[in-house]
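In the part that follows, the structures are each spelled out as structure tokens.
Here chain A shows up in two complexes: once beside chain B, once beside chain C.
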Partner chain A sequence: MNLSLFVQCLVNGIMIGGIYALVSSGFTLILGVMKIFNFAQGQFYMLGAFVTYGVSVALGMPYLVALIISILSMGVLGILVYIGIIRWTYSGFFQTVLATVGFSTIAKQTSLLTFGYREKVLPAVVRGIINVSDVTLSGGKLFIIFVAILIMVSLHFFMKRKVGTSMRTVAESIDVASLLGISPTRIFWLTMGIGCGLSGIAGGLIAPVLCASVLMGEHIFIMALLVVAIGGMGSMTGALLASFVIGIVESFAYQFVGELNLVAIFILLAVIIYFRPGGLLGKPLPIPTAE
Partner chain B sequence: MKLRFGFIVIMVTILLSGTLLNVTGTEAAPSVLKLGVTLPMQIREALEQQRWLRLFAKLINEQGGWKIGSENYTIEWIFYNDEYNAEKARTAVERLIFKDNVKHIINQWGSAPLIATIKLSDPNKILVIGTSISDEPVKPDYKYVFKGTDPVPFGTGQSIFGALEYKKRGAKTLVIINPDDATGRARTEQDKRSLPSTGLKIIDSLFWPRGTVDFSPIATKVKALNPDIAWLAATSGEDITKITVALHDAGYKGIIDCDNMHTGIIKDIIAKVGAEYLEGSMSALFDARQYQKDPEMGKYIKAYEKEYGEWNIEGIMWMGPWFTFKGAVEATQSLDVDVLSGYLAKSPPPVRTLCGWRTAIARPDLGNLRTVAAVNTLWKGIMKGGKMVPFAPLSSDFIYKSWIEAYGMKDVYEKYWKEHGYPKFPD
Partner chain C sequence: MRHPIRITGLSLLVLLLVLLPWIADKYSLQLIIYVMTYSMLALGFSLCWKARLIRVDLAGYWAIGAYATGMLMTKAGWSYWPTIAAGGFIAAIIAWGVGSLTIPRGGLVFFSFAMLVSLVIQQTVAASNFFGGWAGIESMPPPAIGSFVFRGKTEYYFLGLFLLSINFVTYYLLYDSRIGRAWTAIGSGVGFAKSLGVNVVRYRLFAVIISSFFCAVSGSYLASYQMYIIPDSFGFYQSIMIQMFSLVGGLNSFLAGPLVGAAIMTFIPEYLKVTAEIEPILTAVVIILVILFMPLGILGLVRRWWRSSIVIRMRSKLTIRST
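Presenting the complex of A and B:
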């Protein structure tokens, strides 16, 4: 493997890692604060791509406007899902899982009926290629990496502010948070809004580079689960780290094993779980013992 | 008493009316001919096939139905989505056969769905006319299965034709890129057998799982291998756009060859990477308006434009099964599956299709002397100034012979021709 191929693979991996980071950060946030597995996380990604397509292509508005609408609309949808579905099943873990699975199915089937199976191709947002020696860097990919990093950095600083502290308090204990005057309901609204909005913007970012497809939510959800498993449940930093690790491993592995590159990721998962059962930066789950 | 008498009068009147209506020649309502198919609705080619099939049915129904034997039929299509997945195709075909009572499955498309279909349909005596790269459907194991469009001979013929043209331009190497399923694997094997005969060297063959959205890793690998030609072969629909854009973004500067480059796809690619990137690329030419001279096919083309208010070409190459079925039904005046199969298996006359001719051929190389496979003709196009323009027609004879020679089957076929005669091609 020569240097240009190495750099090319690295850039590919960072780009797709950035997308994984956005989706899995949202997933991890919801998991960490609300303790629920949002099985519909991938569908917000898919819907975000279609909203971006609809606003920028069908309505002819600027792409950045479409991106903003994508994040806001998915955030609002996330809140509505909480109010309409999750709030009523919150007391039971499995009930909530089933509820999100149900919403995921509804979202996908409704999208199929509305958009059809045909993938929607968006025009390139950032055209042009930068050639550095033998390395080719596409403008579109560099844009995704830049925006993804910007959002992750913003999220990091956001979590350090009062709202972020409130979210961490609720994550630790809802009762203590209530005693401190923090409204768990409002925090849940905010968590769902941000978590789903992150997926929405990920979809909006990737759509011009790849496409908007009704089937795109399923793959990204599996990757989000892998990120959480490798990075550690509830750890945002772990999710961020694992996203880029997975993206880079996936990219490099293809050069050596072709279409079996996902196997490399599962091998990575097995190795990490063996040595660190809680993931890279998470805590191991307590093993229940019979009493 | 009066009430009873009145009731009797009314009943007799009704009965007499019914009888008189029959005597005066009121036609019985036409019977319904239910035809079924499962198609992968996420792919443009399949959606267009659906449109064409609906159109053909509409045209027949509007003329008062299809007179077959002594009965008149209106056609009713039943479509299911198989998502190009064998399990889903099988489930859908079960429904077609056991719930919908369909006896004829026409235009089944793609190796994985077709193979799943025929394992169920053949024991249940259902006529299946479809399209697949895989040779499985044309093995002697099946009695009621036929290929209406067979990508194997025409794919080989057009690959060889294209490869020779690229070689004239100085190309020496290529990388094959195909989906990782039965179709892609079969097509890769096919090209590995045929392309070396042109003098081109195959550096590598790469596969991608169906559903892949990000082709950056594949594009990066292609760039690293640096072939003169990126040979997309069995790739279709929006996957062509995604791979081509990924290759462009990875900095690949060679020729991109793809059998299925349609107008819509070309438009999408040009919007993303510019027209120059595809200059000189060759593909099968699917826009029948650019070369179709047959009046009947011309009528279908006009009817499509009138019905849908637009023109799309993605389905044109794949309508061979419909015309094969239509030809067989009209020749035999029967819908009986055994009658139709018997007719199709014994060198039926060639039929015109939207993009050329379909001639039935046997596969003695597979031990099948029934004419279950097909040679389909097509035109080759070339990208010039952002448009796919006609380059050259490929005749049935060229396709047939180049495929046989490329596969090293000359001995088997020469023996077959001695005993059974050379196929009668119309062009």
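Presenting the complex of A and C:
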């Protein structure tokens, strides 16, 4: 393995890790604050990619506008799913799981009927190539890394502000939050909006590099789940750390074992679960059962 | 003869089940064979739900059974019967490993880790050429006893009925025993069960192992009936379907619920003639509607109606007496 291949693997890993970080931090936010296992997270990612495709190619708007529209529309859709389905099934963990599974199936099959199996190709946004001695880097990948890190940093500062603190209070205890004058319902709306919007922007970012396809949602959901299991349930920093670890491991494992790279990550997860049950940076969340 | 009505009903049911291949047409018989396969899976889901473990990984163990049968029959040249047990034991060992690693760490860890296990099983099997890749295993020999070869749907119906009744009776005996009462105690509350001296982890582990075993049995039955296996039929969507069967039948009816749910949710889409693309949408809509309006499932509804009608009858008797 020469230097050029090594650096390319590393950049690919960091890029994929950034996308995983966006999706899985939304996932872990919803899991931590609302105690909902959001199976539809991957489908929001898929829909985000398609919204970006539709706005930038079919309507001919600039890419950045398409990205903003995709994050906003996915956030609104997430809030609508919360109001329409999840709020009425809040009786138990299992019920909410099945409700999000139901929504995710509906979203996937409807977009399959609408768009078909064919991949939709977006024109590349950033075309440049950076050459440093014999290492070649594509500008599109660096752009994704830049935007992902920008969003993660702003999310970090958002969680430090008053709204973010009240979110963490609701995550600790709904009763205490209500006593302190925080409306849990509003926080749930906000969490759902931010969580699904993060998925939407991840889909919009990845669409020009990989193509937009209906089947992309399932793979990213598996990866987000792995990230959250390794990083710790409900821990944002853990998710961030684990996404980059998984992205880099996946990228290098693909070079050596090909299609079996999922097994490599899975073995890593089994070792981590054995030594740290709650993941790298988390404690095991209690599972609220039904009835 | 303590329960004459119950015994008469049971013997009528057995008679009906034995005569069914000659009553039903070929198409319905095929659907019934699928219902029996799904029932064995849904029974496993309900068993774990009794101990309050949510399983979204049963399709993985289903795949283990199917692939054990397929690989051992085509590559190693075994006969059909030992492969059932082999698949079951492989699944039980994997379930033991997964369970003993994750069950002590809480329900959510088990839930997500087990789901990953099933997805990894599917992806690995599909990606490696040793297991036939995405094309799967084809042209498996049919099972045979001596010179008698299983060819028609009737033979497979009876094979399935035999396996399903073993499964059903095992679960019935378990529910009626000390183990089943321990599961009931865990279902009422983990802390409550612990205070009664129930070893929660060990009983949950046992639930996981036994249900995985019977899922693998169901998988080898499916493989022998279809005579081919493809990895696509053991995906995440199938695990969700299994949950839906238990949910529609009734989550609190651990034995009859899965059977009723599997029968209803297999026959209705077939008679509505929905295509393969629309069927998942129908499934999802049914799931959401059942959660919203019928949280205890069809049997829960029937049971409530039965009780309320008894209460009304009793009340009317009381009023007659008082007047």
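We adopt the following convention: the second predicted complex is superposed on the first by the 283 of 291 C-alpha atoms of A that agree within 3 Å, B and C clash if a C-alpha of one lies under 4 Å from a C-alpha of the other, contacts with A are read in each partner's own complex, and residues count from 1 in each chain.
In the analysis below, a residue touches a chain if its C-beta (ideal position, glycine included) is under 8 Å from a C-beta of that chain, and two chains touch if they have at least 3 such contacts.
If you're wondering where the values come from, they're calculated on a predicted model, not measured in any experiment.
K.L.:
Once the shared chain is lined up, is A:Ser73 touching chain B (first), chain C (second), both, or neither of them?
P.N.:
The answer is neither, since A:Ser73 touches no partner chain.
K.L.:
Touching A:Ala270 in the superposition: chain B (first), chain C (second), both, neither?
P.N.:
A:Ala270 sits against chain C, while chain B stays out of touch.
K.L.:
Pick one for A:Ala99: touches chain B only (first), chain C only (second), both, or neither.
P.N.:
Only chain C; A:Ala99 stays clear of chain B.
K.L.:
Could you tell me if A:Lys141 is touching chain B, chain C, both of them or neither one (first, second, both, neither)?
P.N.:
The first partner, chain B, only.
K.L.:
Check whether A:Ser56 is in contact with chain B, with chain C, with both or with neither, and answer first, second, both or neither.
P.N.:
In the superposition, A:Ser56 touches no partner, neither chain B nor chain C.
K.L.:
So in the superposed three-chain picture, is A:Glu250 touching just chain B, just chain C, both, or none of them (first/second/both/neither)?
P.N.:
Once the two structures are laid over each other on A, A:Glu250 reaches chain B alone.
K.L.:
On chain A, what residues does chain B touch that chain C touches as well?
P.N.:
On chain A, the residues that contact chain B in one structure and chain C in the other are 218, 258-259.
K.L.:
In the complex formed with chain C, which residues of chain A make contact?
P.N.:
Result: residues 37, 85, 88-89, 91, 93-95, 97-99, 101-103, 105-106, 108-110, 112-113, 218, 222, 225-226, 228-229, 233, 258-260, 262-263, 266, 269-270, 273-274, 277-278, 284-287, 289-290 of chain A touch chain C.
K.L.:
Show which residues of chain C lie in contact with chain A when the two form their complex.
P.N.:
Touch residues, chain C against chain A: 49, 52, 54, 56, 101-102, 104-109, 111-113, 115-117, 119-120, 123-124, 127-128, 236-237, 240, 243-244, 247, 251, 277-278, 280-281, 283-285, 287-288, 291-292, 295.
K.L.:
Which residues, counting only chain B, touch chain A once they are in their complex?
P.N.:
Touch residues, chain B against chain A: 40-44, 47, 81, 83, 180, 206-209, 211, 213-214, 216-218, 220-221, 223-224, 237-238, 241-242, 245, 248-251, 268, 271-273.
K.L.:
Spell out the part of chain A that touches chain B in their complex, as residue ranges.
P.N.:
Spelled out, the residues of chain A in touch with chain B are 2, 5, 8-9, 12, 15-16, 116-119, 121, 123-124, 127, 129, 131, 134-136, 138, 140-141, 206, 209-211, 213-216, 218-219, 250-251, 254-255, 258-259, 261.
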